[in-house]
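I'd like to ask you about the structure that follows.
Naming follows writing order (A, B and C), and every chain is counted from residue 1.
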Amino acid sequence: MFFYLYLAWRNIWRNKRRSIINIASVLFAVVVALGTRSMQLGTYDRMIENLVSYYTGYAQVQHKGYNDTHSLDESFVANEAFVSHLQGADRATSIAPRLEAFGLVCGDSATMGAMLVGIDPAREAEFSHLARRVKQGAYLEAASRGVLIAAGLAEQLKLGLNDTIVVLSQGYHGTTAAGKYAVEGIVDFPSPELNNRLIYLTLPTAQNLFACENRLTSLAVMVKKSKHQLEMIESVKSLIRDDLKVLSWQDLLPELLQYIQMDNASGVIWLIIIYMVIGFGILGTILMMTLERNREFGMLIAIGMKRGSIRVIVLLESVILSFIGAVAGAIVGAPILLYFFYNPIRFTGDMAQYMIQYGFEPIMPFSLEPMIFVWQTVSVLIIALVVAAYPLFKISKIDPVSALRTG
Amino acid sequence: MSVIRLQNISKIYQDHGLPVRALDDVSLEIEAGEFTTIVGPSGSGKSTLLNIISGLDSPTSGQVFVEERQLDKLKSCELVNLRLHRIGFVFQAYNLIPVLTAQENVEFIMLLQGQPKIEREKRARELLDAVGLGDQMRRRPTELSGGQQQRVAVARALASMPAFVLADEPTANLDSAAAENLLTIMERLNHEKGMTFIFSTHDQRVVKRAHRIITLEDGRIASDVKADPH
Amino acid sequence: MLLLIAWRNIWRNFKRSGIIIVSIAFGIWAGVFTIALSLGMVNQMVEDALRTYISHIQIHKPGFRQRREVKLVIPAGREIAAQLGQAPSVQGAAPRSVVAGMAGSPTSTNGVQIIGIDPQAEAKVTDISERLIDGEYFESSKRNQAVIGKKLAERLNLRVGSKIVLTAPMPSGEIGAGAFKVVGIYKTSTSMYDETTVFVNIQEADRIFVLSGGIHEIAVVMHNIDQADSLTTALRSQFPDLEIFGWKDISPELAMMTEMMDQSLLIIMIIILLALVFGITNTMLMGVLERTRELGILMALGLKNGKVFVMILWETILLSLVGGAVGILAGIVTNALCRRTGIDFSLFAEGLEAFGMAAIVYPAMHTRHYIIVSVLVILTAVIAAIYPGIKAMRLKPVEAIRTY
């Protein structure tokens, strides 16, 4: 076997220029693929992180039916003991109890819709590091009576610290909810979706406003790594009452999930196109390598080499040729990815405006997920195998008598 | 004992739809240790005869026995093994694997036979010494002259310790000196080791040295004479 | 003559040329199809956005667009709208009152824009009346009708006939509220819009939120969108105190999107063609190397080096053009076939609609794009020909003839 490898290796370098062009083509494809994949996965990670780690959590415990209506009537009673009880779920790192409802928020001159979120300040700080997002004023204390307002919303309402807002909404079972609060702090989110609509209150304040004594709309659960999500969900399921259910972020943010799936699908199609184009080039080379060695193959068969062994050599040639390109591509691609991983592309000007308008953070982060590299190598190997099919078939048809006779 | 026995061999090709009788009722026996040449004009059936002897081609009618084994009774893998272990080949051109050195080319056949590395190296060295290329072992075919390439081919043919060596116009592309040199080496191997050689040629230099000359004309044996080599 | 030799040479090694032609054709086809699909998506997105909520021109009191204050009404707005509606180039001009408020059902609440419309004028401007999936558009006889989006209906658990309470601040600063009956449910290709936009009759909005006849917005749609710019300019000089925006000012992202899409498509095409360069170069190089002897003879006969280069260049261009033509033709056929039925991305409908894109995409491509692709193909061929061409040019006739 080692000898076959050696023979295949030698054969590849029989025509150096041709092999180098081939390797360069694979290298090119792999670098393009690594770049686009890294960008896509990096963007997805960022989008998920922006919404999941900064707000939604990897899963939420809700009352059955809440997710369809977002109605306070579908809230549930949960005391401190229950929250602590859930804290014991496998892989759960932190838990944030929340009471959320939509409300109209009036500043001095303008009125906007906002998502009012009642939180346990200490737990929320641990959960989404909300305290670190305060860019003006102070974070909420357990006994605070005021609110934290997202920077984008504050700007639209022309609100500053200590300004007063009037909140108007509908509480539990259709009661009217109204309240007046002072702005204690302004928090900044990278995701425009959060930055333009969030207002935080303490849980008791919110429960009081919405007449939801001891009630929550959701308990958000965080895990350290996304791969722990399923384990955590299973564990949470076993800990909760019958009237509650656990929803993953995929259930909670179906639009984000679908957007990612679609973008991912288009990315995969793009890679298939590039790899197919490159594959044709390699096919041409392998074809030539086969045709020009017709006599050699005839001679090898005549002196007693099995066709199977010749096939092994040709297959090895195809695999080695592509594999060198894949490795070279990874070597060239890795530093580029590494650079952009630490220095993500930031958009400015119109482009940034455009992205914010569509709810994206104006940044193009890269991912260093090792699977990106693995997949490119696998793809290249698949090409090598597919491309080798023609010569493999051709070898069975070689007639040594005529192969030796002709040119 | 006869190494090769042909009984009433006929071979008919279809050439552009027309039947061509390449061999017509040829019967022939070749004994171990012979230094035989098959001569005849182009198209007389020399190559076809060699191909049939080696089992690369099969006759339209008649039987071929190599060491008393009937070829058409062998399975294809047995045929491959027969060629690998019992027959040595020297072709007119394109004998060697271009990407391998002389030594590797000689070793190649033993590698296919599955011989251990030490044995392979030892034998390759001996054989290359025997053909006078002991100092050119690490060169690749493109770095060798035509005559040297053919000598490597002879060394390779012998490497498998075959029952006989089939050489199809081995001197066709060689100048006189190289041809003489090659023939001398083969003659010596025949003489010293009793190796059977069967040539197809129309090169008089080869014919002069043969012990037996079989002449083919239009696919038939026109004459079969014992000769005294000069 | 060189052209003829080049053409014949391509077909000498049919298999090899065939592979590279198929590869070029595939690459170009894939590129053309991707472009058509993306352009189709964007065009549709722009058209939908203009038809559904942007219109061609919008008129506001300065500051309203930023702050949405109910006090910022257009003076004599209704008269201006009526006048504009009569203008020959204008298809329709709709007066609207726009109030940021809240929609509540017995179970839940959601933030909404309450838009008071004149149903007849509005139907000439936007296509909400054609996008109803349940119920009916406004009927003049009934009072307190509301038309809401599908997403909002789901959120608030509302059906046609359900009651919906709309709450919003009034110009006085107090909060006004009114109960409406859902008469129609519409669905656009933007889910966010469907979740946050409620239409009511402009008279009722006026009455409930005490707007005293004031309107906040006039939306204008032209017969021909190209005339929007000139009308915008004319209106600006006529009403210096009002903010008059063409659709590109209202939604620069949308205007930018077409342009950006053009750029990213160019990049995609260039990457595909670069990937093709390798294969083409290799094929041509092999062609040159195996013809060393022949080229040597031609040169010995007196063919100048430059001509040899030109010959190789012609071969490469012809080869690429054959592949390119096949690819473009295949693209045109595919696009035409897909235009008839559209390509169904319903699997990702929610994700698409979150960004204002329709789930059924009709590929679209301008002649301009085909021309760009063709030019790029030729450019690719030239780049791919350089190395093999130089290689051929550098052959020394004597050596070339000797080696074979």
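One rule holds for everything that comes next: a residue touches a chain if its C-beta (ideal position, glycine included) is under 8 Å from a C-beta of that chain, and two chains touch if they have at least 3 such contacts.
Everything numeric here is computed off the predicted structure, so don't read it as measured data.
> Sort the chain contact graph into one of these: line, ring, star, complete or other.
line
> Measuring from CA centroids, which chain ends up nearest the centre of the complete protein set?
So the chain nearest the centre of the shown protein is A.
> Nearest whole angstrom, what separates the Cα centre of chain A from the Cα centre of chain C?
26
> Which integer distance in Å separates the CA centroid of chain B from that of chain C?
Result: the chain centres lie 73 Å from each other.
> Can you compute the centre-to-centre distance for chain A and chain B, using the mean CA position of each chain? Integer Å is fine.
Computed value for the inter-centroid distance: 67 Å.
> By residue number and range, which residues of chain A touch two or more other chains?
none
> Mind pulling up the chain A residues that touch chain C in the complex?
Within the complex, chain A contacts chain C at residues 15, 17-18, 21-22, 24-25, 28-29, 32, 68-74, 101-104, 106, 109-114, 156, 158, 168-170, 174, 254-262, 265, 270, 273-274, 276-278, 280-281, 283-285, 287-288, 291, 350-351, 353-354, 357-359.
> Applying the document's contact rule, which stretches of chain A touch chain B when the two form their complex?
Interface residues on the chain A side: 3, 7, 10-11, 13-14, 295-296, 299-306, 309, 400-401, 404-405.
> Along chain C, where are the residues that touch chain A in the complex?
For this pair, the touching residues of chain C are 15-16, 19-20, 22-23, 26-27, 30-31, 34, 66-69, 100-102, 104, 106-112, 154-157, 167-169, 175, 191, 196, 252-253, 256-257, 260, 268, 271-272, 274-276, 278-279, 281-283, 285-286, 289, 345, 347-355.
> Taking the touch rule as given, give the residues of chain B at its contact with chain A in the complex, in rising order.
Those residues of chain B that touch chain A are 47, 51, 54, 56-57, 77, 80-85, 87, 89, 91, 94-95, 97-100, 109, 111-112, 156, 160.
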